[in-house]
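You will see two complexes here that share subunit A, one where it goes with subunit B and one where it goes with subunit C.
Then we have the complex of A and B:
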């Protein structure tokens, strides 16, 4: 099944001026200037919301790397958000407040978990892979619920954000916002370099036809596993950011429906496109926010929207933007 | 020892409930090649239907019959209105679409029945314990669950293996195009299979309703257990689902009951108290990982794929 969805292979971002590029540039400009708006109007809610957007977009970018480019539909991606978050939370509770320790640990533990889960689940494909990643994420979810010392089901409040020895003050909302923004841009850059490298070509080739890639001599399992681990590490970083954003972590962070949300963000934005995950995250969180303001039952509308996206909107929003050019 | 037997019975009971869910999932996957995340919603709907009909009719049996019929109907309508459009698409589209359905159903239930859960009271004689072997008392209702689910499993076996419609279902799982080419109304068959899966899930929900609170999202965590069951059993295989359900039910129940105590023997009280709950909930996933290492296709891989 991995070969059955094939977004167009994307080349290095073209400098051609078309609707899609203009849209992305405009979106990035708005995101970059958002703190200015906040400072002028004093409306800090928007910046809190968009910090969350940026963080979850890192998670979506990471999921897009394996799902969009690698064809590995992981339904357990929220586990990394949880692992990254709990790495920060647990270390903070044990008195280690330095971000120089917390964040590398968050990334390393996520990468390790990805290595184990990937080594087991990449032996299978298709629907097995979906269900197995889901099941392992659920396992971590229950393990965290069992950690009584760290709040169990009720979650854990983080009393102090990660400290970076005076270089970066995460308590300053604007600083935190720009840190998220820079890290998101760095993730997108990382993914663009990765997928256009030889490594990325092997990964994308594997998505199209794994048997053929193996036949010409590539150990596809190892390539996929490395890709899976990179994505896990990146999403672990998003988890560390998320814990600092909310100053609170709970198992709900890694409930399997959160993994579903991440899949929705990627597909909604555009599978296998560089900026698709960001577009999708913005669209999804804004839609959620807007719906919860107009109705008491937002999912009554959101659910059918997702169904319609699944049935009709193949390339996501990114694909819609490209549409005209292909005609 | 008494406690052990009691826990074994609880494990069998959980296993049989998982089988009812897993059978529907695996049938729908085997025949329509559809990953259905909304399967747990049908289980939830079954429980809500039962609670509602029990209030209206005042009879548990009437509520059971009505709720299962309503689940069957709900499943068939769902198939015709929405699910049908996802056939032949890739699994990612299935995940996205049925995830949307799951959100929709949770919200629909909240709209109709409100955010508070419901309970389904049982007749008095169901609540008491019965002496199954000398010295062991077991709640009557839990025995009823075991017998009823075994009976339904047997019925399912007869329908699939011994009737004409079952033959078509098996043929559909083996080769869809051929069945359609032979003039069978494949759309109707799909609707029926989906309805059957929904009725099984609904039945599981009804049986669980009296011992759990009927609440929103009740189908979500058990759905993942059902996924684990069909991964272990082999996707598309009903026999595999049956065996794996019992294994998962027993291991999960016994693990929760005994693992913390066993840890106490090996570790300090403090460490055991911390690790116990965490480790016992991991047990079935460890089993799943072990099965994957040795049999990536599950214990009973379906012959056709």
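Then we have the complex of A and C:
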């Protein structure tokens, strides 16, 4: 499973200013200032689109933690978006509108689901692992379709966004955008601490050579499981955000193709790099948006683009940016 | 008399119809440098895998410091102080040398459910790692990525990683496999330096090295111990000469 993905082990970030750093700083600056543009021009479409980018980027950051750093290719990651989203939607429908309840529930249920899926799937590897994560996601998908009370196949409209007392008003698009931005930055920072900690080195060592990890004394399974749960919880948060973003949830949120999209975003951006998932999500959603304006079949173009990335750009876009001569 | 550190009692492993370990009984006292030799397919690597816990025996027991470890998982044995090196280098190829060794150190310094602090800046992990690298002559290569190191350096790094787990006993599976003469000399020097400092079970094809280093030698043929004793006794043993040393000329590396 790990042979095909081989991101270089990233060292403590060098402070040296190079093309890659400049690119990332510029991208973050644009993202941070986007609401200013919207205020000036009154064009709210861009902000809506990019709120979605930021939310899905959190999902991609979460997937990158297990897939890029841990070598665990989960093909059911959209399930967490769905679980997080439905946690918010179901609670809202039942009259519990407080985000202080909804969001922790979204995170906790996602973590619990990850614990169950991980406990069963992490004993297998390679293609079996991929299939089991997919099978679980499909199961959840059909369970949700069966929830007649919550819209079943048709989905569920959320009439009121999560309420946070007087602190944050999610109905304000700018506030919501910045909340997503801050949470994305926080998750990238969290991952950066995590992957360089003792725990992170165990995860990366296990991706590199699990047999050796056991031989030097690590019970690898429990570390992988904890990593899987952390990623699940983080993606559950993205799901809660997504439900608030669209004010509507449906089983389509966790269709298996959505899991595929998340994998594509991570691979496109660069496996096992801190900002890769964000870069990949921006590229993927912008490409999708642009292509859908010129053609009815954006996948016809998106497909070959991905193929080229997979063949020629092993480190994804992020890898391209830090490309140097090899000694 | 001190009790043996490692006691192997009638250890048997069959793969289908092939008996890879046939009622192997062997005691290794603390501090001994014990070598296991045997022709290709004698079951030497199977013995290491059994002792390390990667395969489970059908019969027999393994005791380490008197406690039964026959069914213990691999990582628990490492925790008890039983370290191994691999015949085919098994390293973290995308890590630097010191990162490889520091990870081995980390495995034996408490649990690793520590999520925040930069582990690469922990002196408690780096210092012992550096010491282990120095012991095998790789101090100057600490920050080189493993996939850019030579085969001989990989073999030395294998040993350094085993050492970094602060073992009571080392299981060395053909540390000289695939080495040139010069590299072999270096490896013998490394092993000689370790001799006496810890108990060692060495599996090796290189006869010169084995006879130069070992306190005792066990000869394995078709999974069975046919002789065990001091180097001089092994050299003189008729069964050994016939079964193994006689055909040494014709057998290459595995």
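The rule is simple: the second predicted complex is superposed on the first by the 321 of 327 C-alpha atoms of A that agree within 3 Å, B and C clash if a C-alpha of one lies under 4 Å from a C-alpha of the other, contacts with A are read in each partner's own complex, and residues count from 1 in each chain.
The working rule: a contact is a pair of C-beta atoms (placed from the backbone, for glycine too) under 8 Å apart; a residue touches a chain by one contact, two chains touch by 3 or more.
Given the structure is predicted, the values throughout are model-derived calculations rather than measurements.
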Counting residues of subunit A touched by each partner, does subunit B or subunit C come out ahead? B
Which holds for A:121: it touches subunit B only (first), subunit C only (second), both, or neither? first
Is A:171 in contact with subunit B, with subunit C, with both, or with neither (first, second, both, neither)? neither
Using the superposition on chain A described above, determine whether A:145 touches subunit B (first), subunit C (second), both, or neither. first
I'd like to know which partner A:209 touches here: subunit B for first, subunit C for second, both or neither. second
Of the two partner chains, subunit B (first) and subunit C (second), which one does A:197 touch, if any: first, second, both, or neither? second
Can A:292 be said to touch subunit B (first), subunit C (second), both, or neither? neither
After superposition on the shared chain, which partner residues are touched by A:18: those of subunit B (first), subunit C (second), both, or neither? neither
Name the contact category of A:302: first (subunit B only), second (subunit C only), both, or neither. first
Going by the contact rule at the top, pick out the subunit A residues touching subunit C in the complex. 6-9, 11-12, 193-194, 196-202, 204-205, 208-209, 211-220, 223, 226
So in the complex, the part of subunit C that touches subunit A is made up of which residues? 52, 54, 73-75, 78-79, 83-84, 86, 90-95, 99, 102-104, 106-108, 112-122, 161, 164-165
Residue set of subunit B touching subunit A in the complex reads 29, 35, 37, 82, 85-86, 89-97, 99-108, 110-111, 220-221, 224, 227-228, 230-231, 235, 273-279, 281-282, 285, 288-289, 292-293, 296-297
Report the residues of subunit A in contact with subunit B in the complex, numbered from low to high. 1, 4-5, 67, 73, 75, 120-121, 123-124, 126-128, 130-132, 134-136, 138-139, 142-143, 145-149, 256-257, 260, 263-264, 267, 271, 297-300, 302-307, 309-311
